[in-house]
Every structure is written in C-alpha cells, then in structure tokens.
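The structure that follows is given in the form of structure tokens.
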C-alpha cells in the first residue's frame, strides 16, 4: 500500500465522511441511527479535545526542557532556569495543594491562593491592553477621508454616550448612538456575518471533496 | 480580616502590579515571575478540570459499558505520535476533529449567520423598524457592505462606488465596536486601579 | 437553498478549475506586505510570530477560521524558511491543531530545503485559556522581541496586550478575524487588516493553489445570489407575502 | 516656538500610558461624584425583577471567559444577587464556563447574602457544576434541566436539592438572566432561551451592543456592564463599586477624546487636508490603495 494512502488519503477521506454525516443529518435525513452516530462522534470529539489538552501540557513541559538545554549564554541559561523553575514550581505547588484537599480545586485554601495569585496576575496583565488601543486611536485616527471621518466620529460619539457625565448634560447623545447601533452597525454586521458564513461554507465544501490544503500537511514520510 | 487574609490582599496587589508593570518596564524579572507562576498554577488547575471532564465524559461511561469511547481516547492519544518517527499518525485525531468541526459548522452557520441575518433585515423592512428611512438604510447597508466582501472583481469604477458606500457602513460599525471594546478595557484598568489603591488600605482599616 | 447554491456554485467552479479555467482573486494588501515583514525579520534577526488565533480549534464553530489560518501559516512559514527568518507558531488555547501546525511548519522547512530550520520548540502552546495565550505570547514577545505578528483566524479580545507588546517592540501587525466583534480592534491596531470573509479569501490566495482560489471565487456568486434573494424578498415582503415565515429556523 | 504637533510628537507610548494612568487615578483617590443618569434599559432590567412575586425561581446563566474578569464583573454579580435575595427570589446559577462555579461561590460569599437575607444553599440558590458545550449546554439546560444538571457544584444529586425539584425545563422558571464575558454568548442566550421560551422574560448583564438587536422584544432589560451596574446601584440604592468607577471612566474618556482631537488638529496644521499616502488609519485599511498610489 502506498504511504500516501494511509498517511494522507485516509485521513482526508475521514474528514469528508465525518463532516458528511453531520451535514446529511442536519439537512437531509434526521433519522435516529444517524443522530446516534452524530452524538457518538460528538462524544469522541469531547474526549479527543481533552486528550489534546494533556498533549499540550506535555509539550509545554518538553518546551521548557528544550529551551533550557539550548540556552547558550550563562545569562540566558540563568533566566531560562528561573522561568522554568517558577513554572514547574507553580505547577507542582498548586497541584499538591489540590491533591491535599478532598475537594481538590474547589477547596477553600486552593480557591483563596488561586484567586490571590492567578486571578490577580491575570487582572494585571489583562489591564495592559488599553495603552495599545489608546495609542492606536491617538496616533492613527487621522481624519483624511470620508471613511476615516465616519469611523472617528462614530468612535467619539460612542465614547461620549458611555460617559455618564456627558449623557447627564447632553441626553440627546443616547438616541444618536442607539440609532448607530440599530442601523449602520446592524447593517454592516449582517453583511460581515453573511460574508464570513459563505467563506466558511466554501471551506467546508472543499473539505468534503478533499481539496482543502489547510487541513493537512503535504509531507509523506 | 485575619492576618492571613490581609497578607493575601497585599500579595495579590503586588502580583497585579507585576502584570501592569509590563507597560512601562517590559520584560522585567517581576513580570517573568508573575507570568510563569500564572502559567504553572493555571496549568495545574486545568489538569484537574480536564481530568474531572474526562471522568464524566469517558471513564464513567466506559466503566458503564460504553466501550466505543475507548477508541476516542486511543485516537486522541495518537497526537503524541508527533514526537515519534510515525508522526503521520497524528493526522488521524486532527482529521476526526476537523471533520466534526466542519460538519458542525455547516448547518449552524447557514442558519445563524445567513438566514437569521436575512430575516433580520427583512423584519426591519416589514415592521418598518426603527423608521422607514432607517429600514431602507439597513437594506442598502447590508447589500453594499456585502459587495465589499467580493474578491473576483477589482473594486473600481461603478462597482468601486458601491463598495465605497458599503465601506462607510463598515467604518461606522467598526467605530462603534472599537469604542465599546476600548471602554471595556478602560474599565479593566479602572477596576485594577481601584483594587490596587483601595483594597490594601481597606484591609488595614483605611477607608474613605 | 443556500446549501444547494453553495454546492452547485462550488462544484461548477471546481469543474472549471480542473479543466484549467482558473480564476484569480483580487490582491490583498496584507498578503502583499508579508514578504516585506519577513525581510524585516531577516534584517533585524527578530522572529515572526504566526498563528490562527487563540480560539483556533478544529472541532467547533471556529474550524473554518482555523483552516484559513493554516493556509496563511504555511505561506508565512515557507517565506520565513526561504529567506532565513525565525518563525514561531503560536498554538491556540485548545491545542487540537497543535499536531497540524507542527506538521505544516515542518513540511514548509523541508519543502524549502531547510529541514534543519524546523525546531519543535518554535511551535508554542501557552496554556488552555485565552488568558494563558495572552500572557504567554506577551511574555515571549517581550523577552525575545518580534519583527512581525501574523494572526489570521479565530481571534478574541484578549490579543490586545500582545498587540501592545508588538507595538512597543516596533514590530508590524498583520491579520484579522471573521469574528465580527473584533474587527474594530484589528482595523485600528493592525498595520494590514483583514475583516470577516477576507480571511477565507486570504487563506485561499496564500495556499497558492489555483484550484483552491477558483473554488473560493464561487463564494462571490453565492453572495450575488443572496443579494438577489434579499432584494426580491424585500420587495415581496413589503407587498405582503409572508416571507418571514419561509425563513423561520 | 513649540507647536501642537511638537507636543504631540513628544507623547510617546509610555508617556501616553502615564498620562491616562494619572488622570484615571485622581477620581479613585479623590471621588468627584459626577452625575449618573439612569437609562431605560436599566429601569427595564429592574422592572422585570420587581414584577416577580416572592419565591419565584430565576435562572441565572453565567459565563465568563477567564478568571481575570472577576474583579470587573464581580460587583455586578454581587449587586444583582443582593437585589434578588432582597426580593426573596430563588436562583439557579447555570454555569456555562469552567470558571463560573468558582466565581459564583465567591460572589455569594463576598455579597454576604447568606447572612443578610438568610439565603440557604439548595433552598434559595443552587450553583450548577460546569456544563460544557456552550450553545449546546444552554439548549440542553433549557429543554431538560434535570438531565443536564445531574448534580450541583458540590456534588449533591439534583434529586436531593429542594430547589431543583419541579424544575423540568426553562419554562418552569419565572425569569432568566444572562451574563457573559464572551460576546458570542449573547446570540446563544437569545436563540436558546428567549427565542425558544418567550414566556420566560430574559434580562441581560452584558454589553448592550451585543443584544441591541433583541432589545426590547426578546431581551427585556439590559445592565450595560459597568455603566449599567452603576445605574442599577443608583436605582436600587445598593452601594457598590461601579458608581465610584464612573468618575474614573469619565475622566479616562474625556482625556482620550481630547487627545484624539488634538492629534487631528496637529496633523492637519502640518499637512493640511490633502490625502497623505500611508498616513495613520489609511495605512491599516487601505493598504492596497497605498501601494497603487506608490506605483503611480
């Protein structure tokens, strides 16, 4: 048997068959055996997805090992050692904390420490996005055409509508923004959704006929 | 508050600052510490979540006799074949998951992204909502913005003019969603500052 | 009806393409800028980060966006290996596509004659949630620098901190998503943006396969049909025909 | 002489961030007390709750995309929970993201409803375990409550939870509340809950723009995140964190708008209204035209 058959052709065929089952069940024959097959495949998907996360975690640990082993200079090695040490330390410490409590990750101590460390850092880094946006708006929003005038005007008007002090003195801003949401935004959003839906359908059909290159690498070994 | 709770509030605030410090100091040792601790701790959390998930979606049903699910675990584990010379075997879980993804998307996309959107546009017209002119504007906006998303013709001449109208609608929409997204992030900063300034002081009894 | 229009239109263009009658799609600024970004990476010695977004799953609603992103990843990887730039592929929070991305990058290295340039540690997964992705990617960009970030696929609002890191590091940002609510951010923050359906067209162009491009062109005709349907339905709906009942789902 | 353009050019990325940070800090340290007018969406949100008789059961759909959202959304959950408890309503928190159960638990603790209103787990409120599957999860809960929630977050079987008895479908609830951190959930809630069970009014704690199309027909009231939360605090006279955040948001917003306008004035002072290739936003959206112009 040619290598290409079991390395590429069968997986591509599997994609087409599985996608086909879902499509046929949805559009054409909603019969019980087909529905049962679909449910079974969905259950497989949930499990495979979970196994994929375990795979990712193993790869993450391998990544730390590889990066550490490849670190060249002393300074870089020290830094990598520190980073990997904190990562593995955090993993083990919180892992043991969960294991030490019958409620594992729902335990009181785990929750308290998790909120203090993990949530707080997530909040801190999550608050780093605004300078990028503010910078983009400040530096890039230059009104030079009708399009840029439109986006800049809507941007400012929307901001003002969400400033309570402004709406208290200029309540007329509220219906203006409500109109923007209901008319131009709704129209553009509908077009955007229809457009991307068509693109997605075309990709789906290409997958069905095995002509979608984004689904699989070409390499045969 | 107990001393332990006060300590946690102050430690939490310090950790938040490690994250925020990124804007001014970039990749500092504090940022790296917070980052790696977050990644490690959250990975441990996820490990237990995934394990719990697998228990209910795989181990329990398998022990109850639904043996076909064993295949899903075996095929899923083929992802590890990427680490061996039989790396092509990892294409099987990818193929099954892609097949599910493509299949699931198909019907739902047609329903929620095409039919519901067309129906919405027509509803505006039939019910004359919000007003007759606006209802017609929605129709024009939807059609012209959709013309923008065509790729076989260059956007020049009369066709380009239609696209230009569509682009105006898109611009208005992007202006709105960008502003609301900015506000969301601004609120994130405000929340953080409020927590950073008030919570530690509140924990030691300073409230104003 | 939409399903049938899609099948018929795609089938027709596929048949034409197989017979050699291919169709070209209009050029896209983002793809045209990509070689320049790779050149910049070579000059500065900084890496290019490329991915399909933090929601680039295979098994869910975002599968088509992921697939489009994979085509762009292959194109970017080939350019990087050809020109000698370092590529880092960023895997989504749910690593279903990890093996696929690993395979595509490896294939690109081999096909460009530089198998030694493929390194597994350059395919990176940061953790299972959006926050992991954001924190991990931001940290990587901060510590290693970046010449460009190419993200095409299922992107969320959590990318912004990473985009800020790219800006701070002087890198270029290219990409976009079909998730509508994030188009505004990408319009403002990216140097070259793609919106909604643009990512699918970009994926087809990036594949370099004339057959794929021709099939993508079928989408235009489906859209024309839909436009006609909207106009006709609008007219008859106003005339009192219960069109909305036909569309009930 | 220093022109506006010179000043603008001196505002680097970090300096810009510093300016905004300082401006935002001021009202947090020294509250100003700017007015907070209450919008109709918030009033409608309250009306739907007020319309319920004591003992009614509410389904609180709870989705958060990540744990870092707790501080931002937390006060909203707290004030809503407090108000529901004060009205002697019963709540089933339907957790459709992995961090939801943990968050609800924190909300119940930090809002102090158990002590203040005598709320009891199992009788007055239930926290479901994480129901995976996003839209499928919402649909499944709506059509088969007992089948979807076999046990609560603490492992108690649904059959042993007094509040869960008699709850078969979403139609057995008197009100549904949707809250979400991921925008796409707005449509899912509207489709699976409000769309399929129109007899159960749906109110939302989330960004207004995401449900604008459904308001007020399917979605009867909206708390528009921080602004809506602040309005709700004013309306219900339950003091919370949002009201004080509004001062900071106002200053943040006004500064941003002024800076943007100043940037534009400076730009046009130096280059005039003529179209400059590669200028600002043009580069992002019209890259292709820019290339064509370069060729010409």
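Annotations for the structure displayed:
Letters A, B, C and D name the chains as they come in the text, with residue numbers starting at 1 for each one.
In this section, a residue touches a chain if its C-beta (ideal position, glycine included) is under 8 Å from a C-beta of that chain, and two chains touch if they have at least 3 such contacts.
Note that the coordinates shown come from a computational prediction; the quantities given were computed from them, not determined experimentally.
Looking at A-C and B-D side by side, the one with more C-beta contacts is A-C. Set against the C-alpha centre of subunit D, every other chain centre is closer than that of C. When each chain is reduced to the mean of its CA atoms, the one lying nearest the mean of all protein CA atoms is B. Averaged Cα coordinates give subunit A a centre that lies 13 Å from the centre of subunit C. Measuring from the averaged C-alpha position of subunit B to that of subunit C gives a distance of 16 Å. In this assembly, the C-alpha centroid of subunit C lies 29 Å from the C-alpha centroid of subunit D. Within subunit D, residues 13, 17, 20, 66-68, 71, 132, 209, 213, 249, 253, 256, 281, 283-286 each touch two or more of the remaining chains.
With touch defined as above, residues shared between interfaces to two or more other chains in subunit B number as follows: 19, 22-23, 32, 35, 38-39, 42-43, 46, 49-50, 53, 79, 87, 91, 93-94, 97-98, 100, 102, 104-106, 109-110, 114, 118, 120-121, 139, 142-143, 146, 149, 170, 173-186, 188-189, 191-192, 195. The set of subunit C residues that touch two or more partner chains comprises 2-3, 57, 59-60, 64, 66-67, 96, 98-100, 103, 126-129, 131, 135, 138, 143, 157-158, 160-161, 164, 167-168, 180-181, 183, 185, 187-189, 195-197, 201, 216, 219, 223, 226.
If you draw each protein chain as a dot and join the dots that touch, every dot ends up joined to every other dot.
Considering their complex, residues 11, 13, 16-17, 20, 34-37, 39, 66-71, 101-102, 105-106, 132, 153-154, 208-209, 212-213, 227, 230, 246, 249-250, 253-254, 256-257, 259-261, 263-264, 267-268, 273, 275-276, 279-286 of subunit D touch subunit A.
Touching subunit A in their complex are the following residues of subunit C: 2-3, 6-7, 10, 14, 57, 59, 64-71, 74, 91, 94-96, 98-100, 103-104, 106-107, 110-111, 120-121, 123-128, 131, 134-135, 138, 143, 157-158, 160-161, 163-164, 167, 178, 180, 183, 185, 187-189, 195-197, 199-201, 203, 207, 209, 211-212, 215-216, 218-219, 222-223, 226. On the subunit A side of its complex with subunit B, the touching residues are 6-8, 11-12, 14-23, 26-27, 40-55, 57-58, 60, 62, 79, 82-84, 86-95, 98, 104-105, 112-131, 133-134, 137, 146-148, 150-156, 158-159, 162, 177, 179-198, 200-201, 203-204, 207-208, 215-217, 219-221. Contacts from subunit D toward subunit C in the complex involve residues 13, 65-68, 134, 182-184, 210, 281, 283-288, 290-291. Subunit B makes touch with subunit D in their complex at residues 23-24, 49, 53, 112, 120, 176-177, 180, 182-184, 186-195, 197-198.
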